[in-house]
Amino acid sequence: MSTALESKIRIQREDFVVTDEIEAIKKVSRNIGGIVTFLGTGRELSKGENITQLNFEHYPKMAEKKLEEIREKAIQDYKIIDMIIIHRIGEIDIGENIVLIVAAGEHRKEAFVACEWAIAELKRITPIWKRETTSNGEVWVQATP
Amino acid sequence: MITVKYFASLKGIAGKEEDRFDLGGETTLKKLGEAVAKTSPVLGEMVRDRKIMISVNMDVAGDDTIIHDGDEVALLPPFSGGSF
Amino acid sequence: MSTALESKIRIQREDFVVTDEIEAIKKVSRNIGGIVTFLGTGRELSKGENITQLNFEHYPKMAEKKLEEIREKAIQDYKIIDMIIIHRIGEIDIGENIVLIVAAGEHRKEAFVACEWAIAELKRITPIWKRETTSNGEVWVQATP
Amino acid sequence: MITVKYFASLKGIAGKEEDRFDLGGETTLKKLGEAVAKTSPVLGEMVRDRKIMISVNMDVAGDDTIIHDGDEVALLPPFSGGSF
């Protein structure tokens, strides 16, 4: 069985499959008309430097708690039907998936707003840190909004 | 005992992942900062003057947050969930 | 080989796989940091009526031409890296995929704006029509913005 | 010959998917509308008075669009790409 059904909030080392998460959220209601997905991936360039690898670390339990807060607030404030949030940790190569937010609504408008809000809020309040490896070595990165 | 956790770049500064301090039944961030200063003066100052975000039992602490015996405190450098 | 690589604009009867399209767009650049996807699905309720099936018809060639215009304008105006647009035609059941827009950018902001603009523009200028089947029979539906 | 295509609900009104009319080398929407009226007075009026969107060779037509022999005209009822 897919891990998609286990929890709508996950912080995990392994990759996720976007289609599986979308199919999981579709099962919640027959009245979903619009699903907006944000997928964050590892970029090669950061402030002009070539990155060879990313490494994510989180504060266990607190990070999950914050993601659950974001999910609940998104559902309540933007009247969407459901939301799934997944963030990977550990080593991530260029082009690989890092974070996924799936927002399902009756119509597209609320799903777009909820999804865009959720990724901004995730970056603002979730204790997850990124270390970039470049030819100059490794460095912990501070958030860019 | 109060557990103090260090994350990301702060782990490098502390040279460890966490510390434990016995500061009685109740204490303040100011007093905890003085204890942390024995591990690292830089980190101690961060706690005492709240130069970075600090959580107590996974909630963000304020200036007047009281820390109790058994609490888990964490020093949280600025978050960065990817450059998207 | 997946049909995903054949064209970035498709109108087709068969279903699509979101993950395949995302992987196809990822191959375009190693500098993609944010991918925003809109997936439109068949809703059961429409103006209080229970829908049992949807049926989409298009004006061949003109519909593809309009989707290509939308794709090119999105890339140019919003400075995204690439966009894929797929619309299904024919019979569609409740919960099934109808339309997919994938917008890939260096950062999330331009990908969100381009994706949201593209679906609104698709509904505005693309000659695709929907017939809803309810317990009262079949009816051609006019657009809701 | 000018081909006139009917889509969605208009196909039901016309009772067919397309018509062909021979109106010489050049004509107008007004004149084409009069020809279409022989198939259906309602559709004829739609074309003549431009009550709906009309395309000529897949570009949206304006009031003064000239239609040439061999052109493909289409009557396009309001689009509806799903209720999302």
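So that you can tell them apart, the chains are marked A, B, C and D in the order they are listed, and the count of residues begins at 1 in each.
One rule holds in what follows: a residue touches a chain if its C-beta (ideal position, glycine included) is under 8 Å from a C-beta of that chain, and two chains touch if they have at least 3 such contacts.
Predicted, not measured: the structure shown is a model, and the values here were computed from it.
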Exercise for review: Kindly list the shared contact partners of chain B and chain D, in label order.
Suggested key: A, C
**Study point:** C-D against A-D, pair bridged by the larger set of C-beta contacts
**Key:** C-D
Point to revise | For chain C paired with chain D, centre-to-centre distance based on mean C-alpha positions, whole Å | key: 27
Review point. Using CA atom averages as chain centres, what separation in Å is found between chain A and chain C?
Key: 22
Practice item. Could you tell me the distance, in whole angstrom, between the mean C-alpha positions of chain B and chain C? Key: 48
**Study point:** Where chain A touches two or more other chains, by residue
**Key:** 33-34, 38, 40-43, 108, 119
Practice item. Send over the residues of chain D in touch with two or more other chains. Key: 82-84
Review point. Which word fits the touch map of the chains here: line, ring, star, complete or other?
Key: other
Point to revise | Contacting chain pairs - touch in the sense defined above | key: A-B, A-C, A-D, B-C, C-D
Review point. Inside the complex, what are the residues of chain A that reach chain B?
Key: 38, 40-43, 46, 54, 56-57, 59, 61-62, 65, 87, 98-99, 119, 122-131, 140-144
Review point. Any idea which chain A residues touch chain D in the complex?
Key: 33-34, 107-108
Check your understanding: For chain D, which residues count as touching chain A in their complex?
Key -> 82-84
Practice item. Report the residues of chain C in contact with chain A in the complex, numbered from low to high. Key: 17-19, 22, 26, 30-45, 94-95, 106, 108, 111-112, 115-116, 119
Check your understanding: Within the complex, which stretch of chain B touches chain A?
Key -> 5, 7-9, 55, 58, 74, 76-84
